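First subunit A sits with subunit B, and in the next complex the same chain sits with subunit C.
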Partner chain A sequence: MSARTTLRAFPTLLRVGFAEAVAYRAEMLIWVLSTTMPLVNMVLWMAVSREAPVGRFGEADFVSYFLATFAVRQLATSWAAWLINWEVKQGTLAMRLLRPISPLWAYAVESIAAFPMRLMVAVPVMLLSVALVGQKAVPQHAWQWGFVVLSVIGGWAVAFLANVAIGALCFFLESSQKVLEVWLVLFFVCSGYMYPVELLPPTLRTIIDWLPFRYQIGVPVEMLTGAYGWEESLRLLAAQWAWVAVLGALAAVTWKQGVRRFAAFGG
Partner chain B sequence: MKVKRYLRLLGIQLKASGLLSLQYRADFFTEGLTSLFWTFTALAPLFVVYSERPSIEGWNFGEALLVVGWFTLLQGILEGAINPSLTGVVEHIRKGTLDFVLLKPADAQFLVSTQRFQPWRAFNVLTGIGLFVYAFMHLGRWPSVTGLLASVLLLGTSTLLLYSLWILTVSAAFFVVRVDNLTYLFTSIFDFARWPSSVFQGVGRGVLTMVFTYVIPLALMTTFPAQAMLGRLPPQSLVGAVVGAGLFAWGSRQVWLRSIRRYTSASS
Partner chain C sequence: MISVRGLRKHYKVHKRPPGLKAALRSLVHRSYTTVKAVDGISFDIRPGERVGFLGPNGAGKTTTLKVLSGLLYPSDGEVTVDGHVPQKREEAFLKKIMLVMGQKQQLLWDLPPAETFELNRAIYDVPQAQYKKTMSDLIELLEIGDLIGKPTRQLSLGERMKCELAAALIHQPRVLFLDEPTIGLDVAMQATMRTFIKEYNEKYGATLILTSHYMDDVAALCPRVIVIDKGLLSYDGGLDALVQRVRPEKRVVLRLSEEVDAGRLSPLGRVVTHESGTAVLQVQQEAVNATITRALSTLPVMDLTVENAPLEEVMSELFAESKARRTAASEPVPA
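On to the complex of A and B.
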C-alpha cells in the first residue's frame, strides 16, 4: 500500500468511476431530483420575505441562497458511511481489502469521479439563479471564485471524512446507521441547509461556528453567493480546512482501529 | 362474502407482521428516539421563521405546527404501513418472484399492499399526536367536536391519497427496473407537504398551488386536515377532498391493473 502504487492506480480508478457515473446517469438524476429540501425551504422563506426583507435577505436573496445550496449539495456530499456499513454487513469489504490500495482511496475516488456529471447539474442551476436574480447571485471578483472552488472541495472533504469516521464505527457497533442519522439531523439543523445560519440567534451561531456542519454546506454557499470580503473569506476557509484536518485524523484512526476487527461473513 | 374473506386475510397478514415485530421489541425505543430526533428537523425552520414574523400567509406558529403534526403523522403511516409492503413489491418485480403473488387466488394489489407492516416505524404517529397537543396548548384553545370528526375523516382520505400515490410510483417499477431510489424521490416530494399550502401561492403565479392541490394532492393531505381541526375548512373542500381521494384511488387502481399486464417474469 505504498504511496506510489496508490498514485499509479489513481487515473484508472478515476476513469472507472467516471464510466460508472455515466452508466448510472438515470439513477443519479433521480438522486438529484430527490434533494428537494433546499427548494422546500426556499418557498417557505420566499413567502416570509415577500413583504419585508429578513436581515439582509430579500426574496431574491433567498432564491439565490437556496439555489446555491442545491448546487453545492450536489457536490459537497458523500454516502461513504452507508456504503461502508453495507459492505461490512455483506462481507464484500473483504474484496476491497485484498486490493493493493486502501478502500478509503477507492471510496474517495469513486465520489470524485462523479464530479463532472454532478457539475452538469450544479452549473445549470447556478445559471438559472443568475437568470432569475441577476449578477448579484454569484461572486463579482475573480479571487472570490478561487474561494468558491476551495470551499466546495473543503465541503466535500468534510462530508466524506465525517462519513468515513461514522462508517468505520460499524466495526465496533455492528451497524452505525443510527449514528449516521444523528449526524444527518444535526447537519440539517446546523449547516445552513434549511435556512441561512445568519438568521439564528447569536449564541446558537457561536456554537455552530465551532461545529463542522456549517463548513460542509453553509460556508461554500455563502462564498458562492459572494457574501464575504477578503478577510472574512480567508478566516472561514481556514476554519473549514482545520475541520478537514481534524476529521481526517479522526477518520484515519477509527478506520485503522476498526478494520482490524473486521471479519468477513460467509466464505 | 368477499369482503369477509379479505378481512380475514388482512387479519392474518397483520398477525404475521405483528409477531415478527414482537421479536424486535427494542426497536420501539430506537425508532422512537430517531423519530423524535427527525421531527426536530421539521420544527427547526418553523422556530427560525416565526422568530422573525408572527404570522405567514395567514398561519401563526400554533397553526403551522398543526400542519407539521399532520405531516409527521402521515409519515408514520407511510413508514409503518405503506412503505414496507410496497418496497417489497419492487423487490418482487426485480427478482421475478411476483409470480407467486399473482398465482394466489386473491387480488394481487391487496396481497402486495398488506404483505408487511412495521408497527415500530409508525412511532411518528405518536409524535404527530404529541405535536397536535402542543400546538393547541400554544393556541390556547381546543378543537371543536365537528372539527375533530372532519379531521378524522380527512385522515382516511389522506391515507388513501398517500397509498394511491405510492401505487402509482410502484407501477413505474414495471417499466423501469431500478426503482429503489424512486422511493426516496417519493419521500422528498412528500417533504413539500410540511408547510401550509398557502405558502406556495406566490411562487410562479399560483401554478405551484394548483400542482400541489390537483396533480400531486399534497395540500389535501396535510393542510386540509389542519384547517379542519381549526374549524376553518369550508364544507365544499371537505366534500371535494373525499370525492377527489376516491377518484385518485380509482385512477391509481386502473394504472396498477394496466401496469401489471406488462409484467413479464424475470429470467427462468
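On to the complex of A and C.
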C-alpha cells in the first residue's frame, strides 16, 4: 500500500483498533496485573536501600524508578511475535495478506491503538509517583519531556520490531515461541526491568549498552525519572533509534523472506 | 483475465512414523517427502466467466486459488491475473481481487461487522459516496441490515457468512475467488448465497472462480468446470459436456399412483431406486423416448421427468476413473 493511502487509512485503522482494545479491556487489565513485577522489585529494593543508598538510589529513587518502569512497560510493549506465530500456524494470516496493506502495519496499529487504554493505567501511576516522591520523580524541563516521548516511542518500536523479527522466524522454524522466551529472559536480565542497569558492574553494563534490551525499558525509564542531562540523553536516544533502525531492517528482511514460505494451511 | 501455464506448487514435508524411537531418530535425521499439491496445470479464464474448480479433498483446488490470489508462491510456472503476477502482491492487484474462504473469516470477532466494513473502506481507499452506495446495495441484497450492528460472535454461521461476503465486496473486486463459500450453511442460506453471487457476477461483470463440494453450487453458478485431481488437470470444459462424457445415461423418474412389482420396472432400464411410489430408472440416452412410451403404456404413471445423473455421482465416477488410471499406470508391466 502506498504511503499516502496508508496515511489516509490510518485514522480509521486506529479508531477500529481502539474499539477492539475497548472490547478486550478485561484482558488488558489482566495483562496489567501480570506486569506488576516492578512493584515487587520496588518493595525489595526499598528494603535494601533503607540502611544506606545503593549507588545513587535511595528509597525515594527506587520508588520513582520502579513506578516509572511499571508505567513505561504499559506502553513499550508488543505481543506481535505471539500473534504472528498464531496466525501463521492457523493460516489466518492469509486474510491479512489479501488486503492491500502490509500485515505489519496492521499489527503496529493494533498495538498503538491500545495506547489510550494503557495510558489510563500509566498516567495515574506516574501521578502517584509524584505524590509519593515529589517533583523530582519526573523531568523538570520541557526538553526532557520531549526526550521522554521520543524514548517511549523508541522503546515501543524496539519491542514491536524485535517481536516482528522473532515472530517471522516461525516461517522458517515450526514455531518461534521458544525464541521469544529466550528474548524475554534476556529482556528481564538486561533491560532495567528488574533493577536499574547502572547498578550492574561496569563490564556487564558495557555489554548491555550494546544490546537492544535496555533501549526498550531502561532508557525511557531513565529519561522519565530525569536521570540525564542534555548530552547523555541525546546519546542514549541516538543509540535507541539506531537499534530501531537495525531491528526495523531485520524485521523487514525476515518478514519478506518468511512470507514467501507461507503455506497458508487450513482451508 | 486469468492465465495459468504449467503451474506447480510442491511442498517439502517432514515425515516420520509415530512413536518415541522415530521421534528420537528425527532429532538427528529428518526425512522429507515432496507433496505435489499442483503439478503442472494450465488454463485460461475470460473476463466475467464463472468457473467451478472441482476435485476430491487434497486435489489442489484451494492451493491453486491461493496461488492465484497471491498467498502462495508457485514452485514453477507462470500465472497472471488481469495482467498482474499474483505473488508480487502489488497494491493494484490486491484491490482487484478477493478470496472468500468459507472456513476463514476476516470479520473482527468481537466487534460488529459494520466496523470491519469501515476498516475495509479505509484499507481499500473506497470513496465515501461509492462506499455508501455499495453498502446500501449489499445490505439490501443480502438482507443484513439488522445484523451489521451486532457483535460478529453473536451471529449465526449463515448470518456471518453473508456479512463476510459483504465485507469482501466493498471494494467491488473484479476477480472473486470463492473457496467453499456455502460450507456448513443450511439449504435456504446456500440458495440465497448462490443467487447473490450470480447477481454480483452479472451486475459487475466480475470473474468468478468457485470451489465447492456442494454440487448444487456448481450446477447453479458455473457453466464451465475445471477438474483437478492429485494436482493434475483432468477436465476443462462445459459442465453439461462433462456429464455427457462421464454419465451419458439419463434418469427417468416415475411417480406412480400405486405400488408396482420391481419385475415390471426392470425391463424398462436399470432400477436405481424404487420406494414410496417413486421409481428411478437409468436408461441409455437413445432409449429415453422408447422407455417413456413403454412406461406410460404399462405402468400407472402420475408424473414423469427426465434428468441427468446427479453431479455428485458424476464426480465420484470421474474421480474413480482417474484413480483407476493412476493405479494402472503405476502397476509393473508383466514380463
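Here is the rule we use: the second predicted complex is superposed on the first by the 267 of 267 C-alpha atoms of A that agree within 3 Å, B and C clash if a C-alpha of one lies under 4 Å from a C-alpha of the other, contacts with A are read in each partner's own complex, and residues count from 1 in each chain.
We take it that a residue touches a chain if its C-beta (ideal position, glycine included) is under 8 Å from a C-beta of that chain, and two chains touch if they have at least 3 such contacts.
In this text the structure is predicted, and so the values were computed from the model without any measurement.
Undergrad: What does the overlay on subunit A give for subunit B and subunit C, a clash or a fit?
TA: When both complexes are placed onto subunit A, subunit B and subunit C end up side by side without any clash.
Undergrad: Of the two partner chains, subunit B (first) and subunit C (second), which one does A:V182 touch, if any: first, second, both, or neither?
TA: A:V182 contacts subunit B only, not subunit C.
Undergrad: Once the shared chain is lined up, is A:W45 touching subunit B (first), subunit C (second), both, or neither of them?
TA: first
Undergrad: Of the partners subunit B and subunit C, which touch A:P100 in the superposed model: first, second, both, neither?
TA: So A:P100 only meets subunit C here.
Undergrad: Per the contact definition in the header, classify A:P124: touching subunit B only (first), subunit C only (second), both, or neither.
TA: So A:P124 meets neither subunit B nor subunit C here.
Undergrad: Quick check for you: in the superposed arrangement, does A:L13 touch first (subunit B), second (subunit C), both or neither?
TA: The second partner, subunit C, only.
Undergrad: First (subunit B), second (subunit C), both or neither: which does A:T35 touch?
TA: It touches subunit B, and subunit C stays clear.
Undergrad: By how many Å are the closest C-alpha atoms of subunit B and subunit C apart after the superposition?
TA: 5
Undergrad: Both subunit B and subunit C touch subunit A; at which residues?
TA: No residue sits in both footprints.
Undergrad: Along subunit A, where are the residues that touch subunit C in the complex?
TA: Listed in rising order, the residues of subunit A that touch subunit C are 1-2, 5, 8-9, 11-13, 16, 19-20, 23-24, 91-92, 94-95, 97-101, 260, 262-264, 266-267.
Undergrad: Considering the complex alone, what residue numbers of subunit A touch subunit B?
TA: 26-27, 30-31, 33-37, 40-41, 43-48, 50, 54, 178, 181-182, 185, 188-189, 194-195, 199-201
Undergrad: Of all residues in subunit C, which touch subunit A in the complex?
TA: For this pair, the touching residues of subunit C are 11, 62, 66, 69-73, 89, 91, 94-95, 97-99, 101-106, 108, 110-111, 115, 118-125, 179-180.
Undergrad: What residues on subunit B touch subunit A, complex-wise?
TA: Residue positions touching the partner: 30, 34, 37-38, 40-41, 44-45, 48-49, 51-53, 56-57, 176, 178, 181-182, 184-185, 187-189, 191-192, 194-195, 198-203, 208.
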